[in-house]
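Both complexes shown next keep chain A, but they swap its partner, so chain B is in the first and chain C is in the second.
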Partner chain A sequence: MKAPDRHRLRHQTRRQERVRALRALVLVLPMFAFLALSFLVPIGRMLYRSIEDPELASALPQTAQLLKQWDGVDLPPDNVFAALLREMPTAFEKRTLAAVAQRLNHDISGYRSLLLRTARKLNKREPSATPLDAAQAFFDIDPRWRQPRYWAAMRRAAGPVTDFYLLAALDLDRDAAGDIVPVPEHEAVFVDVLLRTIWIGGVVMALCLVTGYPIAYLLATASPRLGNILMILVLLPFWTSLLVRTSAWVVVLQNEGILNGLFLRFGLVDAPVQMIFNRFGVFVAMTHVLLPFMVLPLYSVMKGISPSYMRAASSLGAPPWLAFLRVYLPQSMPGVAAGCLLVFILAVGYYITPALVGGAGDQMVSYFIAFYTSRTVNWGLASALAAVLLLTTVALYFVYGRLSRTGGGVRLG
Partner chain B sequence: MSGHAPQTTFAKISRFSFLVYCAAVFLFLMAPIVAIIPLSLNGGSFLTYPLDGLSLRWYEELFTTARWVTAMRNSLIVALPATAIAMVIGTLAAIGLTVANFRGKAFVSAILISPMVVPLIITAVGVYLFFAPLGLANSFLGLILVHAALGAPFVLVTVSATLAGFDMTLARAASSLGAPSHIVFLRVVLPLILPGLVSGALFAFATSLDEVVVVLFLGGPAQRTLPREIFDGIREHITPAITAVATLLILVATALMVTIEALRRRGEKLSSRAK
Partner chain C sequence: MRHRTAIAIAATIVSVGIGSHAFARDLTVVSWGGNYQEAQRKAYFEPFMKATGIKLIEDSWDGGIGTLRAKVQGGDVAWDVVQAEAEELQLGCDEGVILQLDWEKLGGKDNFLPTAVHDCGVGAILWSTVLAYDGSKFPNGGPTSWADFWDVDKFPGKRALRKGPKYNLEFALMADGVAPADVYATLATADGVQRAFDKLSELKDHLIWWEAGAQPPQLLASGEVVMTSVYNGRLDTPRKEGKDFRIVWPGSIYAIDSWVILKGSPNVGKAMELIAFMSAPENQKNLPPYISYGVTHKDAVNGIAPDVLSNLPSAPDNLKDAIAIDTGFWTDNIDELNKRFNAWAAQ
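Then we have the complex of A and B:
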């Protein structure tokens, strides 16, 4: 081939490739755009909510500005008092002060009533009666205004961004000097919740492994006929609605349920045994729900382990348990790792099953995300907890992706 | 496993206890699901054995009370359009990701799969906070959009898997013979990827039919779906009517499983023949 020809050919191929890449992008675009609108942007917006702090800055702009200039030591300078005195009645009338009160109340409980009561009293005051200085006006209404911590909290809320919610999600706070400190012990809840989430996830993972490994082994080594039949016993629960399986466990485990009925009938117990709405119920139901996610990756790895290795080991004189331990188990490790990670990832994000079969002390981080979204409206904190959960999940999935590339990933379909 | 070594008594006992253990695990997997089915035929209203006579009264309640009929209808109103959207966008994206390499392809794939990965509570809260000011909370449209987003990755994954075993020269042959690209797609590509597309659609449909976390946040009183009614039923007072719904959903699950397995086997057979 002559040189100009080769040049032209290369040029053509490259152009064709570019056209093909462009066409590929056009095909991917609808799904990407769709997910952006109904998934990615909403989640991104929520994550931003965990650091956003807009209430004070929008309702009391000048006060916020001046608070940021203050060094945070002792009480703020007079111009802050004056600005707040000036801006508060307007914000109160426009009803934007309520949001500020709510935000400040997240930091110091009781702040809401303090702020709103102060605003109400300031509003009632005769406009002519303003000779006294601004600071004194606040002190007269409530002595708490003399405490620097209320002003420090207000300064922290001046926006536009804050680490307040993320710190709160880890039971941390900033003191008046701005240093990160643990919150008082009676207020600390989230570290416990996070540890509990990890603990429940870990126990469920371990339970799935000790129940799932043997049956995956049986499935992989049984004859194809038997293997297919036994596979149905794993796949049917996998396909059955999560709510159906959860309600099945309620029916089986509740005080007037099937198991307690049997126990009482055969005189094994005198009174129903509490097996649900406690940790036991959570472990049982979650293990049941997640077991297929352990068995399927294990099975796909074990299917690829040739039986000749085990035969070789036993022909060399190894007893079966040793052959298993030294030959089979190491080869099945990618499946173990993939199954464990998958179960753990799914377990830490679960909401429905623990909400329905757990007690108050068995709720995991997802419950608190829901709680702070709908019951106690504290979207910043809900978003911060969600950010912590999302970060954990994505990091673990990254590890999972690495592992499943070397074998052991679940294939759907 | 047995048969290649002389069987000692110890080996026999350990094999036997292994099988007993496995049987117990299979029992654990199946028993609760199987146990609630007969309860749906209970003549009485207690959820224990022995049954208080057989009757179809709970099924009758299911198909005659507005609460359950509406819930079934609402579930379909959400699941069917969501599945249709997921099928279209998922298939297009799968073809796009298969036919060409472009910069950042791995990243784009990861983003497109992400709805399968992110915990549902995060999706639900994020979407709720975002959709509420747009007037999409308490609406079927909002639910359909989110369920389509949750289902599309399944279609993407299953169609990509079929495309991986698909010989692209077939499509090229068709277009070199003069077929316009939409004909190539309808007559060559679509029949070949159909098994993957159907599996993905069933996954997407099942996901929507079972989804309750997003419905809890985004659905209003007019959007109470079947899982939502079951959720409230378990919370407040669990009645045999719920076991009747559960039985129907177990039948749906069985049908889905059988279809998916048949499609998977067929695909395996085809690809092994192609080799």
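Then we have the complex of A and C:
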């Protein structure tokens, strides 16, 4: 073959490959678009919601502008009072002031009613009746307007972005001077909740591994008949509603429940043991609910481990425990890694199970996200908590990836 | 063939499009589902259709101002009349998500309980969070007050309260000797909040927290707790099944759910007609026999049988030492007090 021919041939092959790649790309394009629309866009929107602060700037634009020019010391200058006095009745009529009131109330409790009541009173006032100075008009309606902290809070809310929600999600706040300070101890709760969430996720992961590993081993090595039955036993709860499984644990664990009944009958205890509405109940119920997510990846990996390796180990003189530790366990590590990751990530997002079988001190981050989303409509704080949880999980994932890579060649997936 | 398919698809799209836009949709009422909505269907919705000939469609929801906001801001308002809780009524009215009512058509504000009257809503039912206990556990007489709820020596056993600060701070203050009428004035001060949390701390080791409204009757029935706070209507079913669950009415906290009309509703006239129908005393008296929720029209009480009435939170005897939930206080303070409650619970 002559050189130019070869060149042309290579050229043609390349072009064909490009066409094929393009066609493949077109085929996966719908899925990419779907992922972007249903996954990336909402998450991006949620992350942005945790720093955006649009209410005040859109309802009271001039006030917001002037507040940003104020240095934040003591009370704001008169032009801020005047602008607010001018803009408040319009915003109240247009019903946009309620959103501002809601926003400010997240910062200082009681701000909501203060702002709306002030607006209502200003609206009732004759526009021409009192030409007195704007500041006095506010002081007359409510003495709280004399306190700089209410104006400082308004200045912080002037937008367009804020770190207020993210700081709040980490139990931090800004003091009057604008420095970041921890919130009072009796209100510090979210760091504690985040650590609690990670701890519960970690314990549940460990419990799932300890209980799931033997089950998966049995599944992978049993005869097909027994294997099928065991598989159904693993999958049956998997297909049952989460709520039903959680409620079943209430029946089993409660004070006059099945377990306590047995304990009392056999004289093991004198009084019922509290096993539910506390941390113990959360661990038990969550481990049960998440167990299939550990067993299934373990099973799929163990199924691929040839029994001849173990036989080879024993023929070379290794006792069973050593053969297991040196031969079987390392080969099953990818399943362990995948199962642990799956269980942990699902566990840190859990909501219904801890809400129903946990006590007031066992609630995880998702509980608070739901609380702020639906009950108090503080979507900024809900988004900030979600962002903190997401970033923590991603960070833990990277740490985990680094550890598992250095710790013996484990690969995920 | 392909051509005909295309025509069929086009025709479907056009007809669906016409169906949803060209004709005004039927009047839609939204309530809270379950037994409760069933009771309303028998007492209100079906008689209304029969009396007026107006077709009525039902839907149900679980509350949340976010839901109402989304409906109205989305532009395609599918709901007309909605039963809202006090909080959604207040927030929705402030934000202009719900309409102001035509009180002329309801016969004036004076005919209703004062707490059932709002510019944007009229009371639908009065329900209460009460102290309930299992009578079979206390043959020598059960608790009669929140102070007894706190008295674990006299009435041993676990108790259950709703998870969160709402209701519990009020109950704690009443247990600590604050008169029901002074509860919210006390809670408005930092010392009062501290006092409530201190009182809750006394009982902490004996408490179980419930989350869903269906839980407290189950906790009582299973013997997990001997007394609990509970929404009064939830006791109807176990009592009908023969459980000896008793209610302590003094110190209960009642709340009013209201009928509201969503902004942008194309059926405002018919919606007002429905609300007027459901607010008329001769119709309101038909609801309590189905479910133990109180009526809001002052004259409706007269038409209710005494044995039904004695179980309603709106019965004068039951209302005597009860207080109304202060929605304004809770919308102002829920964020801060919830944080504080959770920090307290984790200690």
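Definition applied: the second predicted complex is superposed on the first by the 293 of 413 C-alpha atoms of A that agree within 3 Å, B and C clash if a C-alpha of one lies under 4 Å from a C-alpha of the other, contacts with A are read in each partner's own complex, and residues count from 1 in each chain.
Please note the rule applied: contacts are C-beta pairs under 8 Å (C-beta built on N, C-alpha and C of every residue); 3 or more make two chains touch, one makes a residue touch a chain.
Here the structure is a predicted model, which means the values were calculated and not measured.
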Q. Now for A:Pro182: first (chain B), second (chain C), both, or neither, which partner does it touch?
A. neither
Q: Counting touched residues of chain A, say whether chain B or chain C comes out ahead.
A: B
Q. Thinking of the overlay built on chain A, is A:Ser314 touched by chain B (first), by chain C (second), by both, or by neither?
A. first
Q: May I ask you to decide whether A:Pro330 touches chain B, chain C, both, or neither, giving the answer as first, second, both or neither?
A: neither
Q. In the superposed arrangement, which partner chain does A:Ser109 touch: chain B (first), chain C (second), both, or neither?
A. second
Q: Would you sort A:Ala98 into first (chain B), second (chain C), both or neither based on which partner it touches?
A: second
**Q.** Partner chain(s) touched by A:Thr373 [first = chain B, second = chain C, both, neither]
**A.** both
Q: Could you list which residues of chain A make contact with chain B in one structure and with chain C in the other?
A: 250, 254, 256-257, 356, 373-374, 379
Q | Residues of chain A touching chain C in the complex | A | 94-95, 97-99, 101-102, 105-106, 109-113, 116, 185-189, 192-193, 196, 250, 254-257, 277, 355-356, 359-361, 363, 368, 371, 373-379, 381
Q) Which residues of chain B touch chain A in the complex? A) 1, 4-5, 11, 14, 18-19, 21-22, 25-26, 28-33, 35-36, 39, 46-49, 85, 88-90, 92-93, 95-97, 99-102, 108, 110-112, 114-115, 117-131, 145-146, 148-149, 152, 154, 156-158, 161, 196, 199-200, 203, 206, 209-210, 212-213, 216-217, 227, 230-231, 233-235, 238, 242-243, 245-246, 249-250, 252-254, 256-257, 260-261, 263-264
Q.
Using the touch definition from the top, list the residues of chain A that touch chain B in their complex.
A. 17, 20-21, 23-32, 34-35, 37-43, 45-46, 49, 211-212, 214-215, 218, 221, 230, 232-252, 254, 256-258, 261-262, 288, 291, 307, 310-311, 314-315, 320-321, 345, 348-352, 356, 366, 369-370, 373-374, 379, 382-383, 386, 389-390, 393-394, 397, 401, 411-413
Q | In the complex with chain A, residue positions of chain C that touch it | A | 63-66, 91, 94-96, 158, 163, 208-209, 211-212, 215, 218, 222-224, 328, 331-347
